[in-house]
Amino acid sequence: MINTQNPSMEANSFEDWGSIARILAEALPFLRRYRGQCFVIKYGGHAMDDDATALRFAHDIVLLKQVGIHPVIVHGGGPQIDAFLKKLNIQSNFKNGLRVTDAATMEVVEMVLAGKVNKELVQSISNAGGVAFGLTGKDGNLVQARKYMPGGVDLGFVGEPVKVNTYILKKILEEDGIPVIAPIGVDENGQTLNINADTLAGAIASALQAVRFMLLTDVAGFLDKNGELVPEMTLAETEQAITDGVAKGGMIPKLQTCIAAVRGGVKGAVILNGKDPHSVLLELLTPKGNGTLIS
Amino acid sequence: MINTQNPSMEANSFEDWGSIARILAEALPFLRRYRGQCFVIKYGGHAMDDDATALRFAHDIVLLKQVGIHPVIVHGGGPQIDAFLKKLNIQSNFKNGLRVTDAATMEVVEMVLAGKVNKELVQSISNAGGVAFGLTGKDGNLVQARKYMPGGVDLGFVGEPVKVNTYILKKILEEDGIPVIAPIGVDENGQTLNINADTLAGAIASALQAVRFMLLTDVAGFLDKNGELVPEMTLAETEQAITDGVAKGGMIPKLQTCIAAVRGGVKGAVILNGKDPHSVLLELLTPKGNGTLIS
Amino acid sequence: MINTQNPSMEANSFEDWGSIARILAEALPFLRRYRGQCFVIKYGGHAMDDDATALRFAHDIVLLKQVGIHPVIVHGGGPQIDAFLKKLNIQSNFKNGLRVTDAATMEVVEMVLAGKVNKELVQSISNAGGVAFGLTGKDGNLVQARKYMPGGVDLGFVGEPVKVNTYILKKILEEDGIPVIAPIGVDENGQTLNINADTLAGAIASALQAVRFMLLTDVAGFLDKNGELVPEMTLAETEQAITDGVAKGGMIPKLQTCIAAVRGGVKGAVILNGKDPHSVLLELLTPKGNGTLIS
Amino acid sequence: MINTQNPSMEANSFEDWGSIARILAEALPFLRRYRGQCFVIKYGGHAMDDDATALRFAHDIVLLKQVGIHPVIVHGGGPQIDAFLKKLNIQSNFKNGLRVTDAATMEVVEMVLAGKVNKELVQSISNAGGVAFGLTGKDGNLVQARKYMPGGVDLGFVGEPVKVNTYILKKILEEDGIPVIAPIGVDENGQTLNINADTLAGAIASALQAVRFMLLTDVAGFLDKNGELVPEMTLAETEQAITDGVAKGGMIPKLQTCIAAVRGGVKGAVILNGKDPHSVLLELLTPKGNGTLIS
Amino acid sequence: MINTQNPSMEANSFEDWGSIARILAEALPFLRRYRGQCFVIKYGGHAMDDDATALRFAHDIVLLKQVGIHPVIVHGGGPQIDAFLKKLNIQSNFKNGLRVTDAATMEVVEMVLAGKVNKELVQSISNAGGVAFGLTGKDGNLVQARKYMPGGVDLGFVGEPVKVNTYILKKILEEDGIPVIAPIGVDENGQTLNINADTLAGAIASALQAVRFMLLTDVAGFLDKNGELVPEMTLAETEQAITDGVAKGGMIPKLQTCIAAVRGGVKGAVILNGKDPHSVLLELLTPKGNGTLIS
Amino acid sequence: MINTQNPSMEANSFEDWGSIARILAEALPFLRRYRGQCFVIKYGGHAMDDDATALRFAHDIVLLKQVGIHPVIVHGGGPQIDAFLKKLNIQSNFKNGLRVTDAATMEVVEMVLAGKVNKELVQSISNAGGVAFGLTGKDGNLVQARKYMPGGVDLGFVGEPVKVNTYILKKILEEDGIPVIAPIGVDENGQTLNINADTLAGAIASALQAVRFMLLTDVAGFLDKNGELVPEMTLAETEQAITDGVAKGGMIPKLQTCIAAVRGGVKGAVILNGKDPHSVLLELLTPKGNGTLIS
């Protein structure tokens, strides 16, 4: 494991320091573009399975911080939760094809998200040299939520965000910290609720008036009817894509979350592939990032 | 569940507001005694099993904060960990009668402490009207640890604290927050380690130069050879009690932790029964608190 | 006299610390209600005559501060002034039944208010463990006033407040101080003026946008035509009570002062009996306080 | 009365603005000498009797503040107290020729100092355009005192300062305020005590590590055996003057107070005539001030 | 050269300290008039030629600062530039009678303004006891400019101000510094431009919402058709004077700059003679200053 | 000229954004090494002649700032001064082979350093996206100097630094500014003195307790007797190299300046070639920088 406090020179494979210096110098104007602004990044549970991807992600996040951007991470943890539910032989009930979060499931969801996935991410960023703070919606009353019943269906302890306490996040950012947030909220009765990580990330991005809401997925972005990546879309075009049926399946709620975030004050929402090497950094470096930018 | 933002009047059983006002007024000089100072409180996993005790504890903590004391909570979680290890059929190895924390066990320990016990305490304090922040030693690099091998025995991922980052704790206290800390540390290689909660609480109390380190147990305090509670002991008397064999079993490490905390700058360490109603508040109110004060 | 810095244990007559702890814990939600907000309290000269009442008042004020409320005291001093005028054989002139404040009277009024009553209150709060600052409208240019001629009658050096310098009060509150204000103002020519303490307290409450303006009197509150205490009144109801003649005599200007304070931004004005034990604390503790709340 | 907010041009008798500008410009280096430092000034009750002197004094104090010096005023009030004791027919007891301050006298002393003399000075400085804060030793626990029994003689409620709370004074100075202090202290039992104004001023000067302690009297300074003013004296010379009997009567305690102040950290103590026009300003402007400088 | 840190007493020719003290005391209300507000002063290159005038100016500026006003200096340097162009045999081209600033000229202009005139002024203020900071429009991006082509004529590297970065100026003022600004700006391509010092001073005065913009010239102010000094003019009267042809030659752009400054938020613009002894101080001291006040 | 506020995409010649991202990510641990610490960099007049080198230097400086290091630049200007002295036909006198700085020369030195070289550097950094502040020792009393007479020889207005006012530099660094300092000082009589830029840079590095003092020269570093670059030297080895005569000519004072800087508290002094591309950045990136490190 890397001890970044004392960077080990053996770990370095650079042959030509001079050209690296040149590249850094040339990258400077791009690094300065979003200085002092927030990037809210939804990081999926799937991406964490691949150790190399996870390590790169942590380094990229610390590099963002290093050059003056304020990253805020919201993570999921679906595969990790499924694995533990299985180990514990907890069977899920389904309504209209959607899994119901009962009390036993909620206990596992919270333990895995807050006690395993969150802490792995915090430690991974710490290993990369950053100072991360793991939070759930309970800590510092970060996320007030309410029960969410899509189409009137009661899915148990499932919630949607009502209010995000940005004061705490801003304090952490001021102290050069990187908030890492598990998608758990609390309703007004103190009941713990499971929130969709995409939805919570979008809400936090709006609350922080982030310059970028980056939704890391496992596809390249939004594809048009010819299967080609659409690099940029307006809100109107995004809505059209949903109406016209070009957007399908899981892409629809992702587009809707992006629309809501931009309506809520986010400058641009990006759907991109979290497994692409350095996908987050590319957003910073390249003329228009990668993935699909909705703004 | 109580919604303390709008205190429900029905919840109130007071018959005589006037006498309550009188009692409050008379308690004033005592409430002012430790204003602006830290109480570091070790809260055991056993105490949480009893809902009424847990609720009272949360209220007492918020009341301490309300009258200007800074409580910092370090919690254990032994019974909760045991229950999950059992559910997951994880068998423990033992060396010299001590349980070895292997990788599979460490994963469960962290999930249960950081994802279950910690979040319950945070929410419980939040329900009582406080603003709690759940932390492990990973968050904000709070606790640097190193492998701990008592008597040279390798117990796996077991650690002892090396350094506590009080900056973060002080920032939380300044913002009127209540830190709630799970006894997890990280060594210099980024390895997660399980730390004894008593030991960590004592180290944090020293680091904060706390006025009180309160070690909540399930006994009344230190009992002399006649089985009578000893209300106050000097460091010398405490060491004598260990040497003379009056202190036995689990009381010995507790006394040692108290000695170390006082040597480290804590004004007074108290061993007391966490299940006594309002045991923490009594420390504040009564002439010499309850339990055994070592100073 | 009590030395609250080192609370004397002998002074304590509690038999049951446990039940006191329970009461404190149960009172917690009520103590938190007005945290961080201002209570402006008019404290009358009559109330000070009774040593026990005065002592209780000081303790209650310090307790308010202790639990995070910002009390600001405005005091009168009628009986004390009368006593000194008599000792000095200063006769008063009257116009339309109202006493005229001539130069000789004004000198005594200021000496008694600023040099006797104010200092007694400051010391009394100090004895109770608070940090009080005695002020008149002259100190820090706190109160700009102008001559007040009710119905065109010239009553001499009698004034009404024009502007309150809240900056100074807020600084004192920030420093955990308790302002104790004598009702003396200065006009634009530097002339000292005697201001009605109720009126000044109401003006200060408005200037501070206080959550409560508490007008301590020697009656239980506003009584309806059946002589029953009215616990709560709207502004409209209060005006109606004046118009209908239900309010009589000295109650009329008190109600008018309360109406003006609420119109000026005070959340609620309360008329209550300052001689009731702990009347100020009861406002905090009980569901709707005691006395009559106008809001 | 002058309204300095809008300086009235008629009030100005300057014939030659140009030469005034020149004088100001030439005075600049002198005005800068003590920038940011404290002058503690004992102002006697006698000086206030003369309106012109009082007005000049207030203007000089505000000018000091204007050019960046921090004046702190401690006032006496002997003649004013005597007048009121007489009006109230309060007879004084004497022991060894010293007046005893009994309870009735103490009440008058406090009223006159805190309620009359202090407020006149505050208002006078306010009229001159400054922001003054009247204080006694009670306000903000400014002066802790203890009973003073010179030569073992019990003079009643007479005290000497034990501790000065400079925090409050510094806060007032930071806010561009001018503290005006009446020589009243409180002992540890909350008992009000009358303190000699010279003594208190010296103690405050030491506590503030003032650059100048200016003792305004009604003589030109210390006179040698030929009756000539001594412009400067070392501590040793001052002590010699007392030992040798050159210093006589009331000059002896004044010299002793100056010695104590300089020993306590004051840079220089000056005995000067408060009735000399602009005596305080001259200290600033002239090469070595007027009066006798002890350093 | 004067070392103002230790004012030399020999330098002082005052015969009567007492009358100086009196004058200072009487000047107090005037010194307080503009406390905490900005004076932006255009100081011409001509005025610097006379050592006595330059020395007086520096002392006056420091005195302004001393009494709490914030002076900001913008200087020219025409004669000094001309002298160096001549020494270097750089010939100027002219268009429509206006000198063209080519690259060789621009280099000299910048060197003389930023490297000679600016540094002399900075040092002169420093000698007088002030803390001056020399700036050009390049330092801290102080002045954004654009090419200026009066009547469409291309005069080379001549600019006009587009934006003034007041943040930097305010920081300097907060730190008790005196900004001394050379009239050099930069356009959006990083090209250095020569700006008219009057114009820049007016723009800075507007940006700072200065209470006074003082345009030091070599005439007494604006003269009416009878050649008499006009002490005060409204904006309308000033425009009329231009339209009517009463204002002639170089006075026209000066009046226009004053009009623009007042329109831009400056409280009053003054045209006055920089060679009058203490002309800047007189603005402060006399009822309506000297020169012509446009407001 | 590059407008870095809106980085022009055409300006970018990168073929492979992904590999740039990878390089940045890999460089991260190195970028973090000196975060929050000062680099004081002596930048020679020779290096500025080459436009490409000058542009690279400015970009490297801004990049240092961007990644959290605080660069402070001290520049020379020998060639530029020589060129102007020649243009102005100013002949130099020599003593013991050293040029004497007479009044005419001093005027040119200051104009060229403060008005030309300094402003070019400031603008160059500004073009690269940084916020630079040009200063001489006069601005804000930055550098107190005294006449320097090496071996007793009077070289005219030549000085050495006595005191550096770090307060101002720290304020600029706090505001994210980059100080650019011309080597001009002032003695206690207000006399301008020309200071050797290496010497001043070393003194500033000591005053700031910089982590690196980088002396940019036109050679690769210190060469041993075989003409090989010595990458690292202790203070003892450096002194030995001078004593042994291995160090020759201009290298001797450079080594002495480095020794003095390290003795004064600088962590490491580096002699390196300012014309090597990105020589400053390489110090950050490579395991031991380039040039010779003395520590």
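Letters A, B, C, D, E and F name the chains as they come in the text, with residue numbers starting at 1 for each one.
The working rule: contacts are C-beta pairs under 8 Å (C-beta built on N, C-alpha and C of every residue); 3 or more make two chains touch, one makes a residue touch a chain.
Note that the coordinates shown come from a computational prediction; the quantities given were computed from them, not determined experimentally.
The set of chains in contact with chain B as well as chain D comprises C.
Under the contact definition, chain C and chain D share no contacting chain. Using CA-based centroids throughout, the chain positioned farthest away from chain D is A. Centroid to centroid, with C-alpha atoms defining each point, chain C and chain E lie 55 Å apart.
Chain centres here are Cα means. That of chain A falls 44 Å from that of chain F. The geometric centre of chain A is 67 Å away from that of chain D, both derived from CA atoms.
None of the residues of chain B touches two or more other chains.
In terms of inter-chain touching, the protein chains here make up one closed cycle, each touching precisely two others.
Each chain touches its neighbours in a single ring, whose members, counted from chain C through chain D onward, are C, D, E, F, A, B. Note for the complex: chain B touches chain A at residues 1, 3, 87-88, 107, 110-116, 118-119, 122-123, 126-127, 131-136, 138-141, 171, 175, 177, 184, 186, 188-192. Contact residues of chain D toward chain E in the complex are 2, 4, 7, 9, 12-14, 17-18, 20-33, 35, 56, 59-60, 62-63, 66-68, 128-129, 277-278, 281-282, 285-287.
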